[in-house]
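In what comes next, chain A is part of two complexes: it sits with chain B in the first one and with chain C in the second one.
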Partner chain A sequence: MTNRRDFLKLSALAAAATTGMPGFLARAAAQAGGSRTLVVIQLTGGNDGLNTLVPYSNGAYYAARPTIAIPKKDVLTLTPDLGMHPALRPLMGLWDGGRMAWMENVGYPNPNRSHFASMAIWHTADPSQAQSDGWIGRLAESIGDPFCASNIGAATPQALRASEFSLPSIDTVEQFQLKLPQGLGGAFGDMLDAARSGEAAFLTQATRQMMKNTARVQGGAQRYRAGATYPDGRFAAQLRDTARLIAAGVGQRVLYVSLGGFDTHAGQRADQDELLGTLASGLAAFHADLERQGLAENVVVMGFSEFGRRVAENGSAGTDHGKGSVMFALGSGVRGGVHGSSPDLEDLSDGDIKYRQDFRGVYAEALSGWLGLNAREILNGDFSGPGWLA
Partner chain B sequence: MTLTPLPRPLNAEDAAHFLRRTAFGATDAQIRALVGKNARTAAREALAFDQTTAPGNPFDPMQGAGPGPTLQLTRGAWLFELVYGPHPLREKLALTWSNHFVIGTDKVRNVHALAGYLGLLRRHAATASFERFTLEVAQSPAMLRYLDNDQNRRGKPNENFSRELLELFTTGIGHYSEEDVHEGARALTGWTFEGGRGNQNYLEPSRFVFNERQHDPGRKTYLGQSGELRGEDIIRLAATHPQTATFVSRKLHRAFLADTPDGAAVQGSAETWRRTNGNVRAVLEELLSSEAFYASRARIIRSPVEFVVGALRTLGQPTMDAKALLNLTQTAGRMGQVLLQPENVKGWDGGREWINDTTLLLRLQLAAALTLGSKAPPLTATPSALALTGLERPPSAAAALKLNPQQATYLHLISPEFQLA
Partner chain C sequence: MSAARRVTLALAALLGGAALALPKYRLQAAPQLHLTGGNDLWQLDRRVMPCTYCHVRESGGAPWNPFGQAIQATFRREAQAGRAVKFPQALSVLLESNGDADGDGYPDALEVFARTLPGDPASRPERPVADLQAEFGAAGGAAQFAPPAPGGKGAGNK
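Now for the complex of A and B:
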C-alpha cells in the first residue's frame, strides 16, 4: 500500500505536470500518479431498495406491497431470486458484461430513520455521530490536496467537509472560471491581502482556494468533447461534467454527484420509476462516454442512499423511512454480481429489514482496493467489505 | 438568566450592525437616523410592523400561465417585497420561518396554498404564541401537502409530518421516541384539505378540513401524556415542550446572532420563551436589544437572498425592471437559495455551507453586474464603507482608495466584510 508521503509527492507531481500541458500528456502524467477516480452517486431522500433490487421470488415481498410491488413479469432478471426495477434497463448491458455490482442489505448499527441524521452518518462514516468532517474530506486531508475531490453541484455535501480546507463544488465546468472586471485585478489582490480574523479570514481563504481551483480546471477542461449522447436534465449534465473533469486529468480522485427526490411517502411508483430511469440512462451514457475517451478502466462508480424504506407499503401507495438498503457499483474494476445475502422479509426489526453489511466495509474497499489509500485511517477502524472489486 | 440589555445609546457602527441583521442592510441616511437611539427603542420600533406591503409589486402569481410560471411569479413577488417592502424585519423573519417550518415548491405548487403559507409566516413573523403559529402551519394546505399529512388516515398512518413536527419544528432530535412519532401520526389522522389538488388545479383555492371518519380516536401516549389525543393535543404538547423553547431559540440566534450560537445566550432566550409561553415577540425584543447581539459582529455569513437584498437595500433600493428582479431570484437559486424551495425539509444549513467555489464566483459576478455592468442600476448616492461593510475603517478601504465610486462599491461588495452580517 502506498503511504501518505508518496501520495503527497504524486499529487504534487500531477498538479505540476498538468499545468499547460496537452491533454493526452497531462492525462498520462495524472495516470502515472495512480490516478484512478471514484465517482460517488448519492440518491437523496431514502431510495427504496426493495423496489430497486427486487426479490421477485419472495411471496412476503408481494404480500407487504399489494399496490406498489414490481410485478414479476416487469422485473429485469439478474438471479433466480433477484432482479432490477424495469427503469434500470439502460444498465443491463453493464450487468451482462460483468461490470455491475449490487451490495445487498447494507446499513449500520442502531439505524436512524431521520433523513438528516442518517445522511450525516453516511457522510461522516460515523454512526456515533461524533465526527463532523466527511469521509471524503478526511480522504482529501490524508492525500493533502484540497482539489483531489469535488462535488458536482451547487452545495457541498457534508461528506466533502474537511477541517483544514473546503473541497470545491463545481456547478458547471463551463462557468468555473474567475473573470475580474478590467483593471481591478490589483485592487482585488490588495483587498484580499488585508489582515482578517474569524469568518472574514475563512472567506479570504476560500476565495484564494477558488482562484487556484478555477485556474487548474480551466487549464485542462477545454479540450473535452463528449463521447456519448447524454439524456436531458441536470443529473446527466452533471455526469457529463464529471467525465469532463476526469478527461481533463487535473488529479481529482473522487467526484460526487447527487440525485434527489427519493422520499416517496406517497404515490411511490410514478416518482421512483422516473428517478431510477434518470439514474440509469445518465450512468449508461457516462460509461459509454468514458469508454470512448479510453478512460473507463480508471473509473468506478459507487452509489448509495441514506436509508431504504419500510418493507410494508403505507396507506398512500408509498413507503415510510426504513433502515438498510442496497448499494451499487459500476465499472471495469468492479466484480460483477450480487454481493451479500438478501434480507429476510419475515424477520424484521420494527417493520424494517435487518442489515447485514456495514456500509463502511463497502467504503473501505473503495478506499484501499480502488484508490490505494489507508482505509483504516480514513474510516477510523477496520472494516471488511463484500469483495465487490475485481 | 435572561439577556443583558445594551447599556449605551447606539453609535454609528451599532446602528449599521442592527440594520444589517434586521433589515438586510441600509443606506447611510437610514443608519444616521438610528444613531443615538436606545437599543430597546430601536428593537421595539423595528418589531412594530403591520401587514402593509410595498406598493406597485409587478408580480401577480394569479396571472401565471401554468404551475411553473406561477411559482416564478410567487418568488418574484417575494423578492420585490424583500427589497422594496416597508417592513424588512417582518420579511427577514418570514424568510427565517420558511427555513424552520419548511415546505417546498417541488410538492406545493398551488398558488393559494403558497400565498396562504407566506401570509401565515408574515402574520406570525413575531408571533405572540408559537403554539398558535405551529397549529396554523400544521393545518395549512401547504404543510398538509408537503409532509403528506393529507394522506394520514386511520389504520393507514403516514408519519412524515408527525416525525418532522418533533425533529425539526419543535423539540429537536433526542427528546422523543419512535413511539411518539407513531402515536403522533395516529392522533393527526384525518387532518387533510379540500380543493386545489393536483397539478392542473394550481389556481383553485384549498382549505383545511378535519375528516372525522379518517381519524383514529383511540387512546395514545405522546411525550408522556396519555388519553384519546387529537391533533390539537399533539401540536400543543410538542409546541409547549420545554425543549422546544431551546430548540427554536437556537434557530433565532442563528438568524440574528451568529452562525455558531453561544449556548449560554441561547439558554437566556429559552428562559424568556418559557416564561412568556412562547411569545416570540418578547424573545426577539430582548434579543435584538441585548449586549450579546451588539457584541456579535460579522459572525453570520449572508445567505444568497440576504446578499442580493442587502446589496440592493444598501444601494438605496434602485428601481429594477421586473425581468431583472426575476433573474435575481434565479441567481440566488444558483447560489444555493431558491425562495420557498430549500433542498429538503431540514432547510438550508447556512453559514459556511453557503460558500464554495461556484457560489463565490456567482457573488463576484453579481456584484459586478450591480455596479459596473452596462445594465447596472444608477447609483443615486455612493454608499459609505460603513454602510457596505459595517465598519467605518474596513480592511478593504486602502485597496478602494484609488478607484472611482462604482469600482469602490464593487470592491466592497465582493469583500469578505460584505458577505458577513
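Now for the complex of A and C:
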C-alpha cells in the first residue's frame, strides 16, 4: 500500500517527469503550515567579510591591505569600530531601523579552503562531510513535503537535496507552468483520462493536482504588482520572483537565491564593490516591496558565503581563500545590530581569522526561532547562535 | 536504489558538467583574446586557453609564469594608482604596454595574436617579428584585445 510519504515522492517524480516544474506549491501551504518564510541568500565564491563589515578602527586591517582596504572616510559607520562597505548604502535604512543584523566571525571546525568542499559543508551543515543531503532538504523531510522550499534559479543547490528527492528550482515564475507543444493538449488529456491503477493512478492524480495548483500559482503570481522598483539584473529579478511567490501565498517556508562572482583573487575592489552594490540594491528593493505588500513581517533574509578570504591582500590586489567570515540577516523579525565579537587580526590561524561562531548556530536560530522547526533534528545536534532574532 | 534516487543522481551527474567549465578568469579572457573562434563548446574546452597561459603547472595554481606575474603586477600598479580594474581591463592594459613577459623577443600582444604562449619562451611564433607585427597592426593592434563593453559581448567574438 502506498503511504503519504511514497505519494509525495511519486508526486515529485511526476512533476520532474513532465516539466521539472514544482507544480504542487499551493498544496505545500496546507502541508507545511506556518506563515513565515526564510529567504536564504548564497554569496558564491567566498565573499570577503573584512571588506564587507569593515574593522575601520583596526590598524592591522589597513596594514594587511595597503591597496584594497576600504578607506575610513568611505565606511558607512555602524559602531565605533565597524562599518559597512560603501556599496551597501541601500541597506542603511534597514540598519537604522534596527532590522539588519551582522553575525561576526562565523565559520566551522577544521575549515576547508576548497570552494566545492566548503560549500558542501555549508549546504549539508556537516563539517565532517559525511552527509550528502542538504539542511533544507532535511527540513523538507522533517515537514514531510517536497515542495515547502525552492531554489530560485537554474540548478538546485545541494542544500535543497533530501535523501530521496531534490527540492525544485524555479528559473522564472513565468515558465513555472505546464506548457505543451501545440496540438498535444488533446493527447495529453486523453492520457490523463485513461483508467489506471496502482502507482500509475497516483502519478495521474499527482499530475492533475500539479496542473490545478500551478494554475493557482500562476493566478496569484499574475495578480502580483511589485511594490518597489527593482534594479536591473538577474539577482534583482530573482528577488522579484521570490517576492511574487511569497505574495502569491503558495506557502513556501524557504526560498533560496544565489549571487555569484565573489571569488576575488585579482582586482577585488572592482569586482566586490559592484557585487555588494548588486546585493544591497536588490535586497533593499525586495524589502521595500514586501513592506508595501504588507508581507515584511513574515519574511526574514539570511545571507552567507562558503568562506571568507585571507586577511592580507595578495600580489594581484585581491585576496585568496580564507576561513571564517560574516553572515547577515534582514527583516522585521531580526534583532538589529552586530552579534558576536570581531576577529583578532593580530592572532591569526595560518593567515586567516579564527572563527568563534559555528554557522550551524545561526542556522539553528533560523530553524527554531523563525520557522518553529526542530533544529536539533535537522542539524543533527545542538548548536547555539548569537541571538540574531528579535 | 529507489527510482526517485536514481533520477536525482542522474540529474546531479548532468548538472555536474558545469563544474568542468573553464575558471572565471579564463571565461573572461578567452573571448577577449579571440581564442574561442569556431569552437561552440569553448567554455568546456581547456585547450582553448590552457592553465599554462598564466601558470607554470598544467594544473594551474601557484606559481605563475612570467605572463601571469605580469598580470598580477598590472593589478598591483593599477590599485596603487587608485584605479580599481577588473580582469579584462587589467589584461588590456598589460597588452597595450607592449611588454614581452617571457623575453623571447615577441611582445605579449603579438604572441596572443599568433596564438603562442606569452609566458613561455619555448612557445613563440615561427614567423619573423616584423612580418607578424605588420599583420597585427593591420588587424587593429592591441586595441583588438580591448575589454568588452559593459553588457556586450565585446570585441573578442571574431
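For the reader, a short list of remarks on this structure follows.
Following the convention adopted for this analysis, the second predicted complex is superposed on the first by the 321 of 390 C-alpha atoms of A that agree within 3 Å, B and C clash if a C-alpha of one lies under 4 Å from a C-alpha of the other, contacts with A are read in each partner's own complex, and residues count from 1 in each chain.
FYI, a contact is a pair of C-beta atoms (placed from the backbone, for glycine too) under 8 Å apart; a residue touches a chain by one contact, two chains touch by 3 or more.
Predicted, not measured: the structure shown is a model, and the values here were computed from it.
Contact with neither chain B nor chain C is seen for A:97 once the two complexes are overlaid on the shared chain.
When the two structures are aligned on the shared chain, A:200 is found in touch with chain B, with no touch to chain C.
Legend: residue contacts after superposition of the two complexes on their common chain; A:116 is shown touching both chain B and chain C. In the superposition on chain A, contact of A:210 is made with chain B only, not with chain C.
In the superposition on chain A, contact of A:59 is made with neither chain B nor chain C. Residue contacts after overlaying the shared chain place A:187 against chain B, while chain C stays out of touching range. When both complexes are overlaid on chain A, the residue A:67 reaches chain C alone and has no touch with chain B.
By the touch criterion defined above, A:168 reaches chain B but does not reach chain C. Between chain B and chain C, more residues of chain A are touched by B.
Of the two partner chains placed around the shared chain by superposition, chain C is the only one that A:273 touches, whereas chain B remains out of contact.
In the superposition on chain A, the residues of chain A contacting both chain B and chain C are 116, 155, 166, 261, 263, 265-266, 314-316, 318. On the side of chain A, the complex with chain C involves touching residues 9, 12-13, 16, 67-68, 116, 155, 161, 163-166, 261, 263, 265-267, 269-271, 273, 314-318. Put simply, chain A touches chain B in their complex at residues 44-45, 113-117, 151, 154-156, 166, 168-171, 175-181, 184, 187-188, 190-191, 193-196, 198-204, 206-207, 209-210, 213-214, 260-261, 263, 265-266, 314-316, 318, 320-321, 350.
Every residue of chain B that touches chain A in the complex is listed here, in rising order: 106, 148, 151-153, 155-160, 163, 167, 173, 178, 259, 298-299, 301, 334-336, 343-346, 352-353, 355-361, 364-365, 368, 372, 395-396, 398-400, 402-403, 407, 410-411, 414-417, 419-420. Contact residues on chain C toward chain A in their complex (touch as defined above): 2-5, 7-8, 11-12, 15, 18-19, 24-25, 71-73, 75-76, 78-80, 84-87, 89-90.
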